[in-house]
Structure formats: structure tokens, C-alpha cells
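The next part holds the structures, each set out as C-alpha cells.
In what follows, chain A forms one complex with chain B and a second complex with chain C.
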Partner chain A sequence: MALVLPPFCLLVFVIVVPAAQAVLSTLRVEQDGHVVYSLARYAQILHTVSLYRSVAFTLLVTLASAAATFVLAYTLALYLRFSQGRVSTLLGALFILPLFIPTVIASFAMVTFLQNHGFVATLLHYVGVEEMPPLVFNAVGIVLTEVWASIPFATLVLLAGLQGIDDALIDSARDVGAGAVRTFRAVILPLNAVATIITLSLLFVGILGSFTIPYLVGGNAPQMMSVVMTNYFSNYLRPDVSVAMAALSFGIAALAGAAYVVGVSRRERGVV
Partner chain B sequence: MRNWRIIPRTIAVVAVVCVFALGLWGLPARGQMTAANLYISGDTNIQDMFNKDLLPLFERDTSVKTNMVFLSHGQGADAILAKIIAAKRAGQQTDVDFYETQPTYIAESASEGIWAQITKDNVPNSAKVDLQRPEVLVSQGFGLPYRGSSVVLAYNSKYITDPPKTYDEIIAWIKKNPGKFTYCDPQTCGSGQAFLYVALYKYANSADFTGLGYDANKEAAWRPALELLRSLKPAIYNNGFYPNGNVAVLQLLGRENIYMAPVWSDLGMSYLDQGLLPKSIKLVQVSPPFTGGDSAIAIPAHAMHQGAGMMFLNWLLTSKAQSIVVNKLAGYPGIQWKYMPQDMRDKFAGIATNFNPLPNAKYQADAKRLWQEQVAGSGQ
Partner chain C sequence: MTAVASALRERVGGLLWFWSIGAFRRTLPWLFLAGLAVFILGPLLSLILWAFAGQWFYPALLPDEFSLKWWPVVFGNRSVVASIQNSLVTAPVVTLLSAVICLPAAYAFARFQFPGRRALLLSFLSANSFPKIGLYISIATLFYRLHLMTTYWGVVLIQLVGTLLFMIWIPAGTFRGINRSLEEAARDVGASGLRTFFQITLPIAMPGLLVAGLFAFLAAFDEAQGTLIVGSPNYITMPVMMYTLVLNYPQPVGAVFSILLTLPSLVLLLLAQRLLRQGYLAAGYTL
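And then the complex of A and B:
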């Protein structure tokens, strides 16, 4: 108990109390000279077109990025788990690389890579494609960069889960005549469920809260919530809106957090 | 063994203390020998101009020595202000004899009584400065401009033979030539802000927003301006793409992706000089003019070498020094154009008029927010 006390106090006084105060402050609204508690600020957010669109845009970009990352990372993890050889070893070392590249640098690299007269445009020009849809300063740019930056982490977690699956189980499935797809669906996917939930929820929360990538690669409008919060806080001198937006995004992240907690506790109870 | 070792350590400690003590004692003593301490902020072009051109010339002209303390991009400008105020409160002199900073800084601390009133008696050349300039007004009369830049309209004369002369003509041109105009996101650059503020001033009285007061209700007058900018969105480059930063706009102009845009006079001039913009790009000021103005000079009332500071300010406002400033920075002089040599007036003919003052910081923040909410983020 005594050992848990310091981190517990830290958690309460540095995270829980300030967060609760901030959420309370978003509910405190001045009306006719006295303070009342109401959801007026949230109503204002949902009634301001640009803010409402920002919330929807954030959810869309986050879901798309998380889904794309998940599919690519799962494929990569399966390959690394079940394939031996030089290519596999090389890939196993290479995929981790983005983890060691600062996001700021990665974002700028993506911009020069994808922009109007950038690398991709030049390549397409050689092939004969002249008209290219804009790939940066919009949702596409954010999703591409988020996927690039999140793949190593997602692959690591999924790979760890896959490596925990006993080879004997897979071999026996093969022995009774199951093909690759059937083995994946009936054996690997369910056995790797916890790693899947952890990956998805952490990807979701990570991308939802990311700032550098949407700030540098995103467009004028709509903007992701993290960028909007920063603008209202420091550029527009309206911290109240910023805090309400933060509380809103905290609520969205809490849903993913709940999925994570359920997933982990299921494993601890030995259900999976 | 232990005692033996303590001796060199003690000596080392004493030596360090002595060096520091001497340093503290010695610095003010040396400061009295150099004549004027000039605190100047800005980018490296400003630093170069003072180091290589202005200060050597001033020292040769007057044989007064100067010591420049350069605050790169205004970093530490706050601390210098705090130092001046602290000296005043303690009833001491300050070693800051000449302070170049943002006019709002000068205004905020004016109530402390730290600034000397500059008149034509102590700085004769101050009479050449237009006292209606935003830098003077915003700094409550304690700051004098010596350089300025303004946002102007850049257009490609290869495609536009009859450039717009008024803001309304710009709007009409944009609607007639869709996709060939843009301005940067006001969040990220001053030239886009200028385009926004002049639209606001078109429907509202600019004097309501440039002073120190703040009343959010006055912003109701901005509504038609924001409506106007929103209606322009389909005619903006790439269906409403507002680039980030001044440089991005200049690049679009350079590649002839767009034919017209608001740009900073000094940036545009220096891009033209470096060949980064085609020679067919011309800069003009329109009516009503775009916004501009940035820095001002104030002299502390309790400056140690106030006379030398004022002497430098007076010299800086001569047409000789002003010509150097305008040439080096491709900007506006601090004194009125009529006091500038004829060849300078000819060179800057397109932009040699005045500019509109900026709204104060709170109105600026609100204007940027409303632009984001009602123009960029409106979803048509």
C-alpha cells in the first residue's frame, strides 16, 4: 500500500483534480450577472459550424487512420510471424524505423514528398499522369502521415500477440484441413483478440490527440480538434472554448479507454 | 590527506568568487565609457543594417560611440522592459538609452512614466514624422517609427494591364478571374491579415478598433465583411485554398499559379531583387490602403546616456539615414515621404503612400477567429 501511495497521489493531484476542475469550469456559465451550471458552452460548440465540422472531421480522420494502420500493421505482423528468411529479417528491422524519427521531421518530409511539385507528382509526371488530386493540406495528407507514423507501434503490439500463439495450435488446424484463411479466422484472430483491442484503442486515442501531424500536414478548414484547441487557446484568446473542446475530446477518448480496460481485464481474468 | 586537499579547492572557490565580483563591479564601469546602449530587435537583416551601415556611419559623423544589444526576433524584449521598469521603481538610472520594440509594449508601460516625451526640442527631426502614423498613435506618442513596412497588392503585369486601384476593384477582379487570387491564412501571416482587416474597415470605422479599448459588441459591424470574404471563397485559388505563410503566397505568384495577391512590401521588394519573382510582378498600394506598421523607438526617461540616445534617434531620422533604411529593407521610411530624396520617391512610387493601422491585439484575435469560423470553416 505504501508503495502505491506516491504514484496514486501524483495521479490524483496532477491529473484527476485539475481535469475535474477544468470540466467543471466548462459547465460554469455567467448568466445575468450570476454563475449557473449549464451545457451552454457545448451547445455553442455544436452550433458553430466550423467547430461542429471539426469534431466530425476529427472522428472521421481518426477512424480512417486507425483502420488503415491496423490493416497494414496486421498484415505486416502476420508476415513477420510466419515467414522466415532474409527479407523477413530485413523487414523486421526496417519497419521499426519511423518510431525513431521525430514527428516534426516526418511531417515536413511528407509535405515535400506529397505536395504539388513534390516527389509523388514528379513520379506520376514521368508515367504520364498530369492531374493529381491534392495529397497534402487536407484529410488525405493527415491520414497518410498518421499511418506512416503509427505502423511501427501497432505492428509491435500485434506481433507480440501473434508470437504468444502456440505453433502447435496452428499446425493442428492445418492438419484437420483448414486453409490459410480459415486458420486465420478460426484460430489466429480470436487468440489475438486482446492484442487487437489494445492496438485499436491505443491507435484511436493516439491519433485523436495528435497535434504535430494535423498542424503541419492539415489544411485551413476543417481542422482537427487538437489544432482548433490550440488556436482558440493562444491565437483567439478564448481558452473557455478550448477547454470545452478538450473535455469533449476527453469524452471521446474515454470510450476507447473503456474498450482497452475491458480488453485487458478479460485477459487478466483468463477469459481469453 | 583530507586537509591537504582542501587548500586548492578553497583557492578555486575564492578565485571564482573574485572573478564574478570583479565582473559585476567592472560592467557598469565599462558601460559608462561607451556612450549609448542601443537595444534593437528584429531579424538578421536589421542587425546587419545597424552593424554594417548605420552605426559605423553615425560614429564617423558624430564621433559618439555606440553599443548595440540585439534582441533577435524580439526575444527577451519583455525582460528588457521589466529591467527599465525595475530601475524606475528603484529610483535608479537604466543602461537602456534607446529601445526599439513593438508600439503596444511602449503603450502598456507608459503609465509607469518610464518614457521620455520626444519633442522637436530634444529631437529636432521628430518634426518630420507624421504623428498620425499607427506606431505613434498606438504607443501613445512615446514611440517614433524609423522604418515601416506595409502590405501592398502584388500583380503580374503580363496578365493584368489595368490593375485594381481600390479594394472594391480587387474584389471585382477576383470574381471575374476565378482561381487566380489567394491570400494566406490570417493565422499564419500578416499579408492575409491585412486583406481581412481592410475588409472589416470597409464596413466598420477603423478608429473603433485601433485604440486600446475593447468591446465585443462593436464586432457586429464586421458581419457584412465576413459575408463578402465567404462569397469570394469559390473564386479563390484551388477552390478556396489559403496557403500558410507569406512565403507560400510569393511562391504561388512566382510560379504564375496566381496572378494577384496581397504581400508585404519589404518581402515582395526583396524577392524581386533576388529574382525569386518574375520582373512582371508589380507592387501597388490600393485605396483604402492595406494595414502595416510594426516597430517604434522609445527613450527611457531615466536613461543613463539619454542625450546620446536622442542624438542617435535624431540622426536616424535624417533623410540620409532614412535612405539607407528604406534601401536595405525595401520598406517605408519613418519620416514622411516628402522629406525623402526624389530618386527614392520615384523608386517606391507605387507604394509611397500611407497605410492603415492594425486593430489592437484583442480585436485581431477575434477577427482571426471569426475568419476561421465564418470564412474558412463555414463549408460554403
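And then the complex of A and C:
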């Protein structure tokens, strides 16, 4: 038991204390000389047009990125689980690669790839396409880069879940006449539900809290909450607004986090 | 209802007529592979070309001239060199510190039953259930009061946050996978608890611990967001330097520095390839 204490104390010091303090300090508002607890600061944020837009933009980009990553990663995981052969081996080597590329570099590489007169534009030029919508310094660029960076993690978790499914269950479903789609819907999807919940919620929270990608690949306006927060903290010297935004992002993540913890503890208990 | 459904199915089936062509179904995986390869490798390829480009104007498919002329520019920049030094004295210290703090706990999680064990193990996920940037900003306000901002130890602490999960969950999975009877056999022939751990448990667990160390090191080495907030402007590491290079310098400079920054990851990946293939990473993920 004593062995567990050092990392736990560290956890309390670097996560629990700062997070609790952030939430409490934003709830404490001075009113006519008295200190009262209210949601006034959050109301103020949502009434500031630029901040409100940023929150809405963040939700949109985060949901889109998480959904796109999830679909791609599930396809990959299914293929890797149920197919053998050269394509499977190559895919297995390919999908893991972004895990080893720092996010800063991934973002910069994406910029050189997608920018006006970049690599994609050049390739399109050779097939005769001159006009293309801007792919970078906007929401599209952020989503593409987030997907790029999140694929390994999402695929690993989903694949680990799929590998826990007994082949016999799938074979028996096929034996009684279920097609591929039916087998997927009736057998694989429910059995992999916990991995699915974990992947989705961690993707959501991870993308919500990412700074590097929206900072380097995003545009000037609207910006994601992470960029706005950092600007208010370091450049505008308004840490109070910044901390309130941080606490707001905790609130948004808490919803996803709740689903995640429920999912994990179900697995820990051995339900699935 | 069924009529509608069957009509719909017929319609969709009509649209997906190519699905019944065997050749299409055989090439589909290859198309998927090709698409993913372009998506994942394309940006990296473009980056590598930029690092060795002397000049590269649209619409040339390859740089107009290849040269190494941007490399001396990078190495001649004093703040770049300082950032390399900073990274090299931070990441290894963070990894070692994380191992010292976490490995005993990981062993305890794997071997002992105690009240609150499950809740404590789950609590280490909390670093991942907070949006990272919000957490870093909250930590930074605390660090202001403790005078840890822009200091070495402030940066070490913030980088520790990202290593905790790797250093607890992967080793706990590894320790749990070791057959208990091996340890019991050592105890039976008279080895002490410590001797059993260092001569039996530790050697068997070593590959898993190395994988954990590898991921902790990469997490610390590549950490940019928290280090930017806590460390700058005094304590700049390589990934933080990258922000400046990307935003304020010509494109090839950023590309050259990217290659320098990716090098440790790729070297470690190649060294650890054998270990990764044995599923120690998956053991951590499936725990």
C-alpha cells in the first residue's frame, strides 16, 4: 500500500489540486464586497462573442475529428483482426507510424503537404485540377491532422478489443447463416462495446485538449478553445479568463470522462 | 414497411452494382492501403523533401535543387543548440524519476490486494480524462505561486504528468503476466523477497519495463504544450523551439529541425521493434 503512495501524491499535486483550484476560483465571484459562489464568470464567457464562437467551433471540430478517426480506425482494426496476408501486414506497419512522430512535426508536415502550392496542390496540378478549396489554416486542416495523429491510438484500443472476441462466436454466427454485416452488428459490435466507449471518449477528450494542431494548422478566427486559452494566459495576461475557459473545458470533458470510467470499470470487473 | 425496405435494398444494391464484381472486391483492400499510405506517408515525404531542398517552386514535383545549405543555418542558431541541450537534460531525468516513483507502485498493483486498489489504478487515468491544455493552464497558475514557472524543475514536473500512465499501466500488465510460481519456487529454495525480485521478477519483466520506459521517454521528449506554458521564455526544449521555427523561419529550417526532432523516436522505434511486436504495448492497452 505504501508503494502506491508516491505516484498517487504526485497525481494529487499535479492534477487534482490544480484542477479543483481552477474550478473553485472561477466559481468565486466578488459581488458588492462579498465573495459569493456563482456561475457569473461562465455566463460572461458565453456572452463574449469571440469566446462563444470559439466554444462552438471547438465542439464542432472535436466531434468531427473524433467521428472521422473512429470510423477509419474501426475499419482498420476490423481488417487487421480478420484478414491475413500482405495487405494486412503492410497496414499493420503503416498505421502505427504517427505514434512515433511528435505532434509538432505532424502539424508542420501537414502544412507543407496541404498548403496552397503545397504537395497536394502540385499533384492535383498534374492531373489538371487548378482550383481547390483551402485545406489548411481552417477547420478542414485541423480535422485532417487530428485524424492523422489519433489513428494509431484509436486503432490499437479497438484492435485489442476485437482480439478479445472468440473466433468460435463469429464462426457460429456465420454457421447459422448470418452475413458479414449481420455478424458485425449482432456479434462484434456489442462484444466490442467497452473498447468502443473507451476509444470514443478518449478521442474526444484528447482532441478537445490538443493545442499544437489547432495552433499550427488552424486559422486566425475562429480559433479552438485551447489556442484561445493559451493566448489569454501568455499573451493577453488575463489568466482569469484563461482559467475559466480551462474549467469550462473540464466540464465538457467530464461528460465524456464519465462514459469512459464506466466503460473501463465494467471491463475491470470482468463483465466483458 | 417490408416493401419499402426491399425497394430500398434493391435501389442501394443497384447503386452498389460494382460490389458484385470479384475484381473490385479483391482490389478494395489494396485501394484502402494505397489511400492510407498517401494520407500517412504523404506529409512526411513532403517534409523530408523540404529538409533537403535548396529551392522548390510550384509546380515542380520535386525540389528544383537538392542541397544541405539549411542544415548549417539550423546548427548555427544559438537558441536551437540551447534547446537541444535542454531537451537532453530534461527527458532522461523525467523518465528515470517516473520509473523510480511508479515502478514499485506498478508492482504493488499487480501483486497485492488492498482496499481501494481498483479505484487507485483507475485514478491514474485522470491525466487522460482532462483536456490536456486546460490542465496545464491550471497547473501553471499553481506553479506561479510556488515560483516553479520557467524553472528546470517546473518543466520536469509538467512532463512527468504525461509519463505516469505509461509507467504504471504497462509495467503493471507485465508484472501481472509473470507466473507467480516462478517467484514462489525461488522463495522455496531460500531466496529473500528482494533477491527474488531482482533475480527472478525483474529480468523476466525487463522487456515490458523497457517498452514502458521508451514510451515515457518519448512522452517527455515530445511534450510541447505544457513545456511551452511553464518553461518559456527561459526554458525552451526542442519541441517548443519548433513552434518558433515553424512560425518565424523559412520552411526548410523547420523541416531540417523536424528531422532532428524525430530522429530519437525513430531510432528508439527501430531498437524496440522486437519488443513491440511481442505485444507488451498491447498488454498495456488491454489491461
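Operating definition for what follows: the second predicted complex is superposed on the first by the 246 of 272 C-alpha atoms of A that agree within 3 Å, B and C clash if a C-alpha of one lies under 4 Å from a C-alpha of the other, contacts with A are read in each partner's own complex, and residues count from 1 in each chain.
The criterion applied here is as follows: a residue touches a chain if its C-beta (ideal position, glycine included) is under 8 Å from a C-beta of that chain, and two chains touch if they have at least 3 such contacts.
Please read these numbers as outputs of a predicted model, since none were measured by experiment.
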item: When chain B and chain C are modelled together on chain A, clash or fit; value: fit
item: Chain B versus chain C as contact partner of A:S50, first or second or both or neither; value: first
item: Touching partner for A:L59 - first (chain B), second (chain C), both, neither; value: neither
item: Of chain B and chain C, the chain that contacts the larger number of chain A residues; value: C
item: Touching partner for A:Y126 - first (chain B), second (chain C), both, neither; value: second
item: First, second, both or neither for A:F211, with chain B first and chain C second; value: second
item: Contacts of A:A221 with chain B and chain C, given as first, second, both or neither; value: first
item: Which of chain B and chain C A:M229 touches, first, second, both or neither; value: second
item: Angular separation of chain B and chain C about chain A, which is computed from CA centres of the superposed model and rounded to the nearest 10 °; value: 70
item: Closest approach of chain C to chain B (Cα atoms, Å); value: 6
item: Residues of chain A at both interfaces, chain B in one complex, chain C in the other; value: none
item: In the complex, chain C residues that touch chain A; value: 29-30, 32-33, 36-37, 39-47, 50, 58-61, 101-102, 104-105, 107-109, 112, 114, 118, 120-135, 137-142, 157-158, 160-161, 164, 167-168, 218, 221-222, 224-225, 228-229, 232, 239, 242-243, 246-247, 251, 254-255, 258, 261-262, 265-266, 269, 281-282, 285-286
item: Chain A - residues contacting chain B, complex; value: 48-51, 53-54, 134, 137, 219-223, 231-232, 235-238
item: Residue ranges of chain B in contact with chain A within the complex; value: 185, 187, 238, 240-242, 244, 362, 365-366, 368-369, 372-374, 376-379
item: Residues of chain A defined as touching chain C within the complex; value: 1, 3-8, 10-11, 14-19, 21-22, 25, 75-76, 79, 83, 87, 90-91, 94-95, 97-98, 100-114, 117-123, 125-126, 148, 151, 156-157, 159-160, 163-164, 201-202, 205-206, 208-212, 215-216, 225-226, 229-230, 233-234, 239, 242-243, 245-247, 249-250, 252-253, 256-257, 260-261, 264-265, 268
